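Note that chain A is present in both complexes that follow, paired respectively with chain B and with chain C.
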Partner chain A sequence: MSIAGRFSRLVTSPIKHHVYVSRSSDVALNLSIEHYLFQRSHPASTVLFLYVNKPCIVIGTNQNPWFEVNHALTRRNAASLDSFSQRDEPVPKDEIRVIRRRSGGGTVFHDLGNVNFSVIFPLVDKIVNYKHAEMVVRAIRKTNPRARVNHRHDIVLDPGPLLDESDWPDSHDTRRTAYAFDNGELEPRKISGSAGKASGPRGLHHGTCLLASPNLASISKYLCSPAAPFLVTKAAPSTPSPVANIISQDTPKPTTSMLQQQIIDAFIQMYNIDTTKLSLPHESDTALQNNKHCATGTLDHTLLEIPEIRSGCTEIQSPEWLYEQKREFTLSSHPSNAHPTLPDWFPPSARIHLVIKSGLITSSSISLSRHPSIAASEAVKFNAVLQNTRIIKLDSFRRLLDEGVSVDGAKQRRDIYRVGAWLDWMLLGHEVDVRMANK
Partner chain B sequence: MRSLFRSPQVAWHQFSRRPYPGRSIRPFHISSPLAVIKPFLLSDIGEGIKEVQIIQWFVEPEARVEQFDKLCEVQSDKAAVEITSRFDGVIKKLHYEPEDMAQVGQPLCDIDVLSEIEPEDETALGSTNKQAGSPETPQQPQKAAERPQSQSGEANKPLEVSKAPNTRDASSSATPAVRGLLKDLKIDISEVTGTGKDGRVLKEDVQKHASSRSLESAPSSSPIPSQPNSDTAQTENIIPLTPIQSQMFKTMTRSLMIPHFLYTDELNVNALSSLRHHLNTHPSLPDQQKLSYLPFIIKALSLALDNYPILNARVDTETDASRPRLVMRSAHNVGIAMDTPQGLIVPNIKNVNTLSIATIASEVQRLQSLALASKLTPADLTGGTITVSNIGSIGGTYVAPILVSSEVAILGIGKKRVVPAFDEAGNVVKREVMNLSWSADHRVVDGATVARCAEVVRGFVERPEGMIVRLR
Partner chain C sequence: MAAIVRRQVASKTPSLSCAVTLFPTTGVRTPAWRSQPNKTSPSPFNRRGFRTSPASYQKKYTKDHEWIELSDDKTQGTIGITHYAASALGDVVYVELPTLDLQVSAGDGIGAVESVKSASDIMTPVTGKIIATNEKLEEKPSTINQGPEGEGWIARIAVEDAKEVESLMDLDAYRKHTEE
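So, the complex of A and B:
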């Protein structure tokens, strides 16, 4: 029997505990394997799944990708290579993918220095319990004793100085550490964010774990979208937090597989799992195996043979899944509640307002002129071109508007070009060429 | 051989209609159950969460559902939770759109329940949230092959509603001073919402909680309190603010932080009245509409602003909070306060300084009809520099209009009245008067400026011919 076949047999069997580690760093595959485990594992079983992804940004199921992510930074757009090289920053080798996961919560950045853990367990009363965060804290404390679970079920590090021995908490208390939670300037640093999902009898709690990310400083740039001040959306926003790596000066240097091993050990201890005759996933690949109480093994892309994993993987990578969920929001150059700064090349009398639903422009109100009646007729012309356009199918707003909207003056031509450029920046992630300001 | 039934109520020849695990065994009957449409309540999600956001619906009205079918997915804090149906039936109405906030304990959707409603299921429909189990009905031993087992526990065994252990440890969320305060007031930290960093509980939070706790024993806030002898008791009906009301609430709270200078004047509109009458009966242009006083006053205001541009400015305290400054604006975008069925809305006419009175009148007309149809665009509602409030069209003589917080002046127009007055010869004559009430931001505008500007406006209104010499 193939590996995929054996895997699906093991997952659906009534074995009570499962420990799987993925060797793939493909976020779409890993999330699809996780979803398969969530949907197909036996209702009474508890599954631990660990994976590490190549650099990517993962948004929550209910979030708005334009609001959360700086698309201009995540795309490698040939036209904007100049603007990239003007800045003194490490240019990412591959494009940073943006993926929407199936659980709630906020936006996170994954890279090879981040360990993802996922626990799937029997649900009681639809309440997702986050007690596995405590399990991960026990694992982290082998390397860094400053870790604890906070009230949002995230894992944070207390940066302050060591407290007096009399103030030390019980070492089994995963919600308090022996360190002060601030030292005047620094707040507790987040090293793990989490999210949950509940469906029928199954609950899922997964989270990140920043071990040693080289990209800490850049994360906030990727997660700060220039379109955010111009968008009005009801989608759940992220709660930004200052982040840190687990590894710091006063800790030894573990690797991601060491941390994974520690998490597995904590899981086995927590449930008192009998692992006789099993070799757990460690540095090297381990074949799928099991005893009466536990199934384990390393997983990789061969599981794509399983139709559900393959179709889930295709779905989660599709631009429709990311951009065309049934959500409505507006993009407005002059929103009613605030005055966000527009670039200086933006035509001062232009007004842009788009209503976007399920990734489609359902209505627009764009005008260039100050004069109300001219503006009204301009809006009609723009709307004729834009209405019902699917944003993911658009190459360039500049070209679409240039070809579709007829105007008389050279000034209006230029203004249309700039309006298109602004929309390209906001919605398509095209970095705007500074030289264009003089066009 | 069906000899595995253990229920004492059911004889061996009776059987349940569907082999669902956990379904209690119902007596066989011939008549179909009556259609009964009930609101299906959003049950407790745990952790004290009171509201969740709808992520997506899996059903729509008229969809047929069976027990355990997915109805919708909601987001509570960070978990995406699927809500499943407890009944067989037909969905009749969805109470929320995707992205709306749904309240725990309130109806999620209406369902025409086709299955029999067991006593323990009644609690999920339009009444309290407590789940009481019924002890007699045992689990059905036959297992349907695909259906998962654990849902069966819900309907049959007496349930303890177990909330997730929410032990927010005091020392990780509050300083020792706050912990002491909590101990003195005998409050549990898990009851207090922390507004400090990381959700930490601050002293103010504890004090606020303590004072609100004493208020909680005050009259309950249930929407329909039942009072048999209601001669003296006050009934309270909680209605949340409509979107326009909440916007008004926020805006007015902001506006009233500005010190208002009030200036009122009574204008003689005899001349304007006869001019208006003349124009409306003998229109100079073929398609000219009927003119009211408003366009004349708006134009007069704009002409006066050319001499007193400070009244068209705005105060900027955001760029540098320690050095507030005036931002002068060249275009006169006059906002017109309108009363619509949904509430107060203020669209504005752009560039009044470049428009004729006839164009202003048609713009007013256009905005009014858009407002009534709720079709105003954001372009109409933003960019205003000064506002005119025509409350006189409803009634009232003196008003004290409230400033829009991004402006420094507002003009309220009272109702036109006919009053007796004396002419130069001392005879009593009929005079038509109208009150203009000005409010200005006294932080940047002094009384003399408002008075002078008001005088200029009065000049144009009482002697409209003065506007002719300004025609371009």
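So, the complex of A and C:
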């Protein structure tokens, strides 16, 4: 039987515990294997799945990608990111992928220095209780004793000095450490963010573990969208947090596979799993094996033979899945409750307001003139071109407006070009060539 | 601690909304208890008791903590999540509603709520077609916490077979289920 066939048989079997590690660093494949485990594993089983992804940004299922991600940077700057394992090889010039996952929560950054853990378990009362964050803390403390779970179920490092011995908490307490949580300058730094999903009898809790990301300094840049101040959206928000790596200068340097091994050990200890006759993924690279209590193995792209994984992978990579979620939002050059700074080349009298739903411009109001009657007729002209435009099918707002809107003189042509350039920047992540905009 | 407070707040809401809907259903401008203050007319308390008992007879629950309440003619059902689920989930920050006219079978996902970074699927307890959704939840997801079994309803469904509803748990059975 093929690996894929054996895997699907093992996953659906009543074996109580499963431990899998992915050898692929493809975020779409790993999230799709995870989703398959979530949907197909036996309702009474508990599954641990670990994976590492190439640089990518992963947004929560109910988030707005335009609000969360700096698209211009993900397009351009992929090349300048360090690649953890291949620092001496040329970094591929492709874009940093942006992916919408199937769980809730906020936007996170993955790269090859980040270990993702995922636990799938029987749900009690609809609630994802995040208790496995404590399991992960026990694993991380093998490397860094400053780790603890915070009130948001994230894992943070206490940055302060060692406390007096009389103030040390019980060593099993995963909510407190023997270090001050605040040294006056530094707040606790987040090393792991978590998110969950619940459906019928099954719950999923997954999270990141920044072990040794070379990209810490640039993460916030990628997650800071220039469009955000101009958007009004009811999408689920992210909570920005200062981040850190688990590895610091004064701690030993484990590799991602060592951290994975420590998480597996903590899982086996937590559930008291009998691993007789099994070699765990870090001990041998063999594919699937199992005893009566536990199934384990390393997974890779051959699982694409499983139709649900293949179709899940196609769906989660599609622009429709990322950009055409149903919830309506607006993009305004002059939002009513704020005054974000427009670029200096933005035509001073221009006003832009787009209503977008399911990735479609459902209505627009764009004008260039200060005079209300002229502005109203301009809005009709622009709307005729923009209404019902699918954003993911568009190459350039500049070209669309240039070809679609009739022009009255050179100044108007320039203004329309700039309006298009601003929309390209906000919605398509095209960086604006200011020299062209100034023509 | 916060969850307990929410539960208390939430449990007040249905009796409130019930009192509000009481007057329109009397069909008279002056509330009955004012115009006919003699002993034979039902007191508002009794009247409320009279209104809720057939309704609760037609209100059923699932083990996944959804509720469905049938209309008087048994052709439509209103679906939501229970007080128990709402207080356990915590502050709801996002509600995904089903598409209108969606044809669904019992157990299908018809939407999701997000709270504490977790997205929870909402299933329909019965087969039918979605005929209305509570769009207020898109604007104000916390409505679910304030009144999960009142103004925080999620969707209305044209019920194919009312017997499907009758086979679900009644309030007593559901209470027992949550105490297990």
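Heads up, the rule we're going with is that the second predicted complex is superposed on the first by the 418 of 439 C-alpha atoms of A that agree within 3 Å, B and C clash if a C-alpha of one lies under 4 Å from a C-alpha of the other, contacts with A are read in each partner's own complex, and residues count from 1 in each chain.
The working rule: contacts are C-beta pairs under 8 Å (C-beta built on N, C-alpha and C of every residue); 3 or more make two chains touch, one makes a residue touch a chain.
Bear in mind that the values here come from a model prediction, so they are computed numbers and not experimental data.
After superposition onto chain A, the modelled positions of chain B and chain C overlap sterically.
Once the two complexes are overlaid on the shared chain, A:K393 sits clear of chain B and of chain C alike. Of the two partner chains placed by the overlay, only chain B lies in contact with A:R148; chain C stays clear of it. Which of chain B and chain C touches more residues of chain A: that partner is B.
In the superposition on chain A, contact of A:P122 is made with chain B only, not with chain C. By the document's definition of touching, neither partner reaches A:K277: not chain B, not chain C. In the superposition on chain A, A:H172 contacts neither chain B nor chain C.
Once the two structures sit on top of each other via chain A, chain C runs into chain B at 77-85, and not at any other stretch of 23-31, 77-85, 437-445 or 455-463.
According to the touch criterion, the shared surface of chain A, contacted by chain B in one complex and chain C in the other, consists of residues 60-62, 102-106, 125-128, 130, 152-153, 194-200, 234-236, 326-327. Within the complex formed with chain A, the chain B residues making contact are 43-47, 53, 55-56, 68, 70, 73, 75-84, 98-100, 148-151, 159, 161-164, 167-169, 171-173, 194, 197-199, 331, 349-351, 363, 377-379, 381-383. Those residues of chain C that touch chain A in the complex are listed here as 64-65, 84-85, 88-89, 93-94, 96, 99, 107, 109, 112, 114-121, 123, 138-139, 178. Those residues of chain A that touch chain C in the shared complex are 60-62, 102-106, 125-128, 130, 152-153, 194-200, 205, 234-237, 326-327. Those residues of chain A lying in contact with chain B across their complex are 43-44, 60-62, 102-106, 122-130, 148, 150-153, 156, 169, 173, 175-176, 181-182, 187-188, 194-201, 234-236, 325-328, 332, 334-336, 351, 353, 365, 367, 370-372, 375.
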